[in-house]
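First subunit A sits with subunit B, and in the next complex the same chain sits with subunit C.
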Partner chain A sequence: MAIKEKLKKILVEELNLEDMTAEEIEDSTPLFGEGLGLDSLDAVELVVLIQKHFGIEIQDMEEGREAFESVETLAGFIDERLKG
Partner chain B sequence: MDSEKKGRQWSSKSVGTAWQHRFFYLLIRLGGRWAAYLVLYFIIFYYMLLRPDQRKKSEYYLRRRFPDSGPVRRWWQSYRMSLELGKVLIDRAAVGILGPEVLSVTLQGREELLELVGEGRGLILMMSHVGCWQVAMAALRCLETPVNLLIQQEEGDVDRHFFEHSGTGSPFHIIDPRGYLGGTLEMMGALKKGEVLSVMGDRMLGSDRSSVPVRFLGDEMQVNFSSYKIASATGAPIAVLFSRKTGPSSYELQVSGVIRVPADLGRSKEAYLPYAQLFARLLEEYTVKNPFQFFNFYDMWNNDGEG
Partner chain C sequence: MTRLSIRGVGVVGGFGCGLEAFDRALVSGVASTMQVTPVPGNESVLRSAFLADTAPLEEFLNKRALRRIDHFSRLALLGSHLALQDAGMLGAIPERVGLVIASGYGALRTTFSFLDSIIEDGDSCASPTHFSNSVHNAAAAHVAIKLNIGGPNLTVSQFEMSVSSALLTAQLWLEEGRVDHVVFGGVDEYSAVLGYCWERFLGSESTEEMAPFDLARQTALVGEGSAFFVLSREETASPYGAIDRVSLGHLSGGLPILPKDPVYILGADGHRQCSAKYPELVPQGASVASYAPLYGSLPVGQAFDLAAAALAMRDGRLCATPGHVAEETDWQIVGTEELGQRDICCLKMDDNGGYGFLTVTKGRG
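Up next is the complex of A and B:
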């Protein structure tokens, strides 16, 4: 499964996004605030989920901030780390 | 009312005006702490006698801490509590204006803290608005680890932190909870680097989604559980640290307990409740021993955000 699709599935199933399917999430939709409506508590959870599912630990939080913009940026971040 | 305002009823704004603060700072410069204390006795007496609105702010706590007190005794308790706060604020300013040598601060549990930092997963210091937590934090230099402080200061607040008097800049890295994602990424980043993160366990920050109800002094109040969630996510231990004024020129900082939150507790807020309740119990024990050094002057138990 491609990283983006896996991420969307994780978001819907593990962060309990109500009334939304993985297919409905656009790649560029912001994860936090007006986009998917995630908040600071979800950010903590997301850090844990990324480590659990992809084995990637977000150490540098500035980097994490850029990665957390959308599914697209997060998938790009994960892809880069997996290759590196 | 949005959920953040509903969850947060306190304000960091001082009761006094800017000139009143400047007057005290001048008094400390010219006459030292004792001159400022002397004036303080009269000012607190004025507030207690002629400003019932201010006196009422201490009664939310005093009613629960001393449920059997009558009106006269309650008035006296309110005076004691406000006087202790005034002294702490003077001490805090004196450290910044006259230097840290004006007070002695002892740290009980230094070895324990060093061991916790030595685990390498960061350390969350959970403090409370008791004693003089800012002055007591000077004792944390012995940890030889960068200290990050989660703190929210209101716009227009005239009260200064002790380091603002000396103009040397903050000895701590300040994390603003109004920042990106409530500062959570910054907090986790600090812990992942093995640093110390200091948070206040007794105040609501953020939305009511991040709160759990705990029992404190016989009633239910909401506290934020984000710190426990971050502890679970990072593996960082939580040291509960309270300060108290032990004499005219001395403070003590004591490790009252260590809370370890297991990993993988998930999203349910109920999973974090036992840890928040443990903190509330330790805070309650503190108020039994130091009833007039508890400085939350608002209705912590009003869960509807009214009043």
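Up next is the complex of A and C:
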């Protein structure tokens, strides 16, 4: 499964976004605020989920802030770390 | 002490959701159980359990608002919303309202999910959400946030004495004038681990029907649910009556002074070791009832007994003890009958001689 699709599935299932499906999430939709409506507790949960599902630790919150803008940026971040 | 006027009642359990469902169960005496599989990987072992459905909570809160809220907290949210709705206070919560929640077990499902995640994925990958929901006062926090209850907030866990113990705090807050109203409730939930433990400890004595007055038999069936109340200082009479007295103690300290000739709603819920203690306190010839066969065995069962007492006060009648009733007993087991001028004493005893009771009387004022 491509990283973006896997991420969308994780967002819906693990963050319990019961009112939407993975297919409904666009790559560029902001994860926080007006986009998917995630909040700071979701951000912490997401850090743990990225580590659990991709084996990637996010220790620098500045790095995470940029990565967590959208599914697209997060997938790019993960892809880069997996290659590096 | 200050009398606690019961202004609203909200219940959810194996009998369904809301006072009407509970009243129907009391009147009909029909228990509604579901089947659970307490042995992992063995679908052939089935046991009856009283499980609660929290789907009606969506009447009050949308799915997005509930997405991080676990089953335990949903039970608390549903019960508290129903109680406030019944009291006519939903959407118009006064400022000086406190919240006290009693639970014998706490959020079992989330607690064990959190522990499982540590075992399976390591502590660095344990879910922060699971952790925050696993602490005992998470449900009270969710209720306070969703209902905008800004007063003091406490969760009390004293196993089978949790309800009486928590009620003492509610009474104290109202006595001291710290608050004008208290949203009070008892919550406990079923979990796979609890089912497994019951099977290990009690499986060989499994039964399909609870018989609370067969004191020597083990007939308990596991239950879950929540029962909430809006309690206020008594300024006007409420049809549900008022809690006149709450007492908590231990038989080693001597027998307490019990109310005179009440109807006892016993917390006898089919656990043989606890049931054996009731004759030490309840006098021979006393009028007794037990409604545990409608909601099952759970540490906060006394909160459901209080709801049954409030309905009896409202309607002026008692419902018969459901299920199998022992023919030989030293007590008068009540049938469907007029309550008359009698008070109701909800008594819970544990297997160690601990007791907690509360007396419900007609409203005054």
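Here is the rule we go by: the second predicted complex is superposed on the first by the 84 of 84 C-alpha atoms of A that agree within 3 Å, B and C clash if a C-alpha of one lies under 4 Å from a C-alpha of the other, contacts with A are read in each partner's own complex, and residues count from 1 in each chain.
What we mean here is this: a contact is a pair of C-beta atoms (placed from the backbone, for glycine too) under 8 Å apart; a residue touches a chain by one contact, two chains touch by 3 or more.
Small disclaimer: the values here were computed from a predicted structure and weren't measured.
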Contacts of A:Arg65 with subunit B and subunit C, given as first, second, both or neither: first
First (subunit B), second (subunit C), both or neither touched by A:Phe32: first
First (subunit B), second (subunit C), both or neither touched by A:Asp19: second
Partner chain(s) touched by A:Leu41 [first = subunit B, second = subunit C, both, neither]: both
Contact breadth on subunit A, by residue count: subunit C or subunit B: B
Shared subunit A surface residues [contacts with subunit B and with subunit C]: 15-16, 41, 44-45, 48
Touching residues on subunit C, where the partner in the complex is subunit A: 62-64, 66-68, 121, 124-129, 132
Residue numbers on subunit A that touch subunit B, as the complex places them: 14-16, 32, 39-41, 43-45, 47-48, 57-62, 64-65, 68
Residues on subunit A engaged by subunit C in the complex (per definition of touch): 15-19, 37, 41, 44-45, 48, 51-52
Complex contact set, residues of subunit B against subunit A: 180-186, 188-189, 192-193, 206-207, 209-210, 226, 229-230, 233, 264, 267
